[in-house]
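Below are the structure tokens for one structure; questions will follow.
Naming follows writing order (A, B, C and D), and every chain is counted from residue 1.
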Amino acid sequence: MTTDLETPAVRAVRERVASLHAELVRYGLVVWTGGNVSGRVPGQDLFVIKPSGVDYDDLAPENMILCTLDGEVVPGSIGSERSPSSDTAAHAYVYRSMPEVGGVVHTHSTYATAWAARAEAIPCVITAMADEFGGEIPVGPFAIIGDDSIGRGIVQTLTGHRSRAVLMQNHGVFTIGRDARDAVKAAVMAEDVARTVHLARQGGPLVPIPQEAIDRLFDRYQNVYGQNPEGSLA
Amino acid sequence: MTTDLETPAVRAVRERVASLHAELVRYGLVVWTGGNVSGRVPGQDLFVIKPSGVDYDDLAPENMILCTLDGEVVPGSIGSERSPSSDTAAHAYVYRSMPEVGGVVHTHSTYATAWAARAEAIPCVITAMADEFGGEIPVGPFAIIGDDSIGRGIVQTLTGHRSRAVLMQNHGVFTIGRDARDAVKAAVMAEDVARTVHLARQGGPLVPIPQEAIDRLFDRYQNVYGQNPEGSLA
Amino acid sequence: MTTDLETPAVRAVRERVASLHAELVRYGLVVWTGGNVSGRVPGQDLFVIKPSGVDYDDLAPENMILCTLDGEVVPGSIGSERSPSSDTAAHAYVYRSMPEVGGVVHTHSTYATAWAARAEAIPCVITAMADEFGGEIPVGPFAIIGDDSIGRGIVQTLTGHRSRAVLMQNHGVFTIGRDARDAVKAAVMAEDVARTVHLARQGGPLVPIPQEAIDRLFDRYQNVYGQNPEGSLA
Amino acid sequence: MTTDLETPAVRAVRERVASLHAELVRYGLVVWTGGNVSGRVPGQDLFVIKPSGVDYDDLAPENMILCTLDGEVVPGSIGSERSPSSDTAAHAYVYRSMPEVGGVVHTHSTYATAWAARAEAIPCVITAMADEFGGEIPVGPFAIIGDDSIGRGIVQTLTGHRSRAVLMQNHGVFTIGRDARDAVKAAVMAEDVARTVHLARQGGPLVPIPQEAIDRLFDRYQNVYGQNPEGSLA
């Protein structure tokens, strides 16, 4: 059975998801075993996620966990003897509810979590934030692990919103993307703007950016930037 | 005599304690030769601790120091020609008083020490802190090196408390764990939450987490998280 | 045609510009694919710049882009199948308008961008800032990508100013230099002083430096410091 | 002549001083080519210092500069074709005036310089600071490069003071030690306590440490800590 499950598509997502965790470490978004990345297997009702409580140094394609969109480990799959990330149910809820999403990331990165502890959205006062998020980064509800309330809070907050990042109150940040790499980029940029805007405000009043300029920046960035613009999730 | 002392259990703790110091460096919890990790030798009235004033780059199993629970270097043991950490008496006091503790860590990590310089407990406003510490991180008394007052302050503050970390006033942080690795994790997480909550409060009022939610998060994390949940110290 | 274009001078600038991007990473001035360095080809109406949206780990002389001073990619040149940095028009405007400039750098480095989000110049209260910038680091106008308004804002702000750095409002920082390395140094120093002065002011009132002392420090540094003083841009 | 100058003692100091610069980088105390370490040649009226404006990656025993206590490069010595650090006169003044000093370090480390930009001494509110500095870290006068005023300010401030570190107003920090390594340690610890006390005070009122406790900590640390206590400079 394992052989059938381990298609080239599954293997490719395992490799991508395992290696993308190194970006969370590189940018200082995680400590110890916290944080997790997942990626949808294209064309199948499956996704790949980090195991629970395993060191970042020890992550490899073979210990990533293959799950159904109900958040259940696929029996007999490689790595299925381990427990998946304790945030698996939230990732699964997002994949079930948002078919355009191909990757999900969760961290407790410092500055994003600091805004979340005040339940305060990050205002859009720098052009990089207009490019990447198209406006503020919103706050989702307080919800604790154990049922679908975290996943539901993410989906309700991000549906119809330009932002690919949501600050879950008193908790941390979840980001989505068209694939796992795009969601990791959103996590990196969310922490970067959370830090910059925090520091900016410590020094005095912020200068707002006109909404019309935010709109133009977001539109341009989603359609022009990079070598292969692929359009926005939003 | 050395041969008899260097049982496989002692050797294993030497290796573990020496290598765990690298985590203090990795997470920026220490500078120069500050900070120390110790681990109890299972089933014996002994523990292993870092030598005093030795560079982190030079730590190895062979220069860790084997001590009795009175904090005395075991005569004739490997490394016994060196002085143990100047905090050895405090570690020893904890091992004598709290038989469930298998590891102790001490650092002057920046944000935890900043709270300690105000003698202010860190309030529990993020879910990761509820998971890990079950509520606030408390403050212990002002006590200076030279007698049992530091050890006694740690034990009095942590006995019956969910937190595995205590901020010693004007000094730094001590953490305990079921083994040395668990105490190092507590030191890493204590600094992480000290930083996040510090920054959160710089930006405005914090949103409290209901006590009932803190209780549920702590209970779940102690019993479910990771590949091999082993229960809490508390 | 490629052979003719790839003179030793072009090749040397490609190598210099590619490797200088590592300094942006080393000093934490950039995240993901943000930020860019360019360098003028001495004696020709050409400059070399980073491609758009390419990982810092993947930058090499071969994927740097050769552009005319109108900001157009030179047809048939090595790497010309890629898009240049989305900030290319701003770099080109600077090279056209300021013939003494041999290098341009743009980043969204954290502290410089925080000052920019308040549209606040960084006051000169430390001697290293007097040395390097000869006074405050000024603020340029709010301008968004898509026409010459960013380039024009940089040139108008820096023309006749001692500073080689300008904070573009709500955006980030641009620096100029006599060559690419000098502009990178200015970017590194701009972030360093932005951070130090931010933190200084968080703690209470700053002590000003007398203008006469600023003038003497700037003059001396431009003419004496280092192994081969080459004089100031200003 | 070179052969006579390059005694084993000179060679040893060259090696020590060159390699100690890596500690300034490791602890983030310097950017670009800023900062410098020097060390006295025991038993001779000579010291070794970093060259001016050379990359940290390129420092080696061979490019360290040998100087007399008047701050002049020793003619014909290895590396004498280069200019010494622009702070050489200040180092020389200290060696001439304080015969017990064997090492001097200068940096613009972020938090120490932030206190210096306010001309504010760092209060002693953490025990590590009592251990290392025996009380507050004092502020020296505003003085600019070009004559003996920096060296005189350092010596006047530190003579008879327990602290091995002085914050030079609007400038940065100078530290002294019984040898170059000891001065580097003081530079590392000065930045560490500057950061911790800055952050502590951002959060509210600090708790003072009784003077009597500061005295006991300082006395003990100077005489007991480490493998080979050698007594204090003070």
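Convention: a contact is a pair of C-beta atoms (placed from the backbone, for glycine too) under 8 Å apart; a residue touches a chain by one contact, two chains touch by 3 or more.
Not measured: the values here are computed from a predicted model.
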item	value
Any chain in contact with subunit B as well as subunit C	A, D
Farthest-lying chain, centroid of Cα atoms versus that of subunit C	B
Fitting subunit C to subunit D on CA atoms, where both chains share a sequence, rotation angle to nearest 5 degrees	90
Subunit B and subunit D, separation of their C-alpha mean positions in angstrom	32
Centre-to-centre distance between subunit D and subunit A (centres being mean Cα positions), rounded to whole Å	45
Multi-partner residues of subunit B (each touching 2 or more other chains)	202
Those chain pairs that satisfy the touch definition	A-B, A-C, B-D, C-D
Residues on subunit D engaged by subunit B in the complex (per definition of touch)	27, 125-128, 185, 188-189, 192, 195-197, 199-200, 202-207, 209, 213, 216-217, 220, 224-227
Contacting residues of subunit B [partner subunit D, same complex]	31-34, 51-54, 82-83, 86, 108, 110-111, 113-120, 142, 144-146, 169-172, 198, 201-202
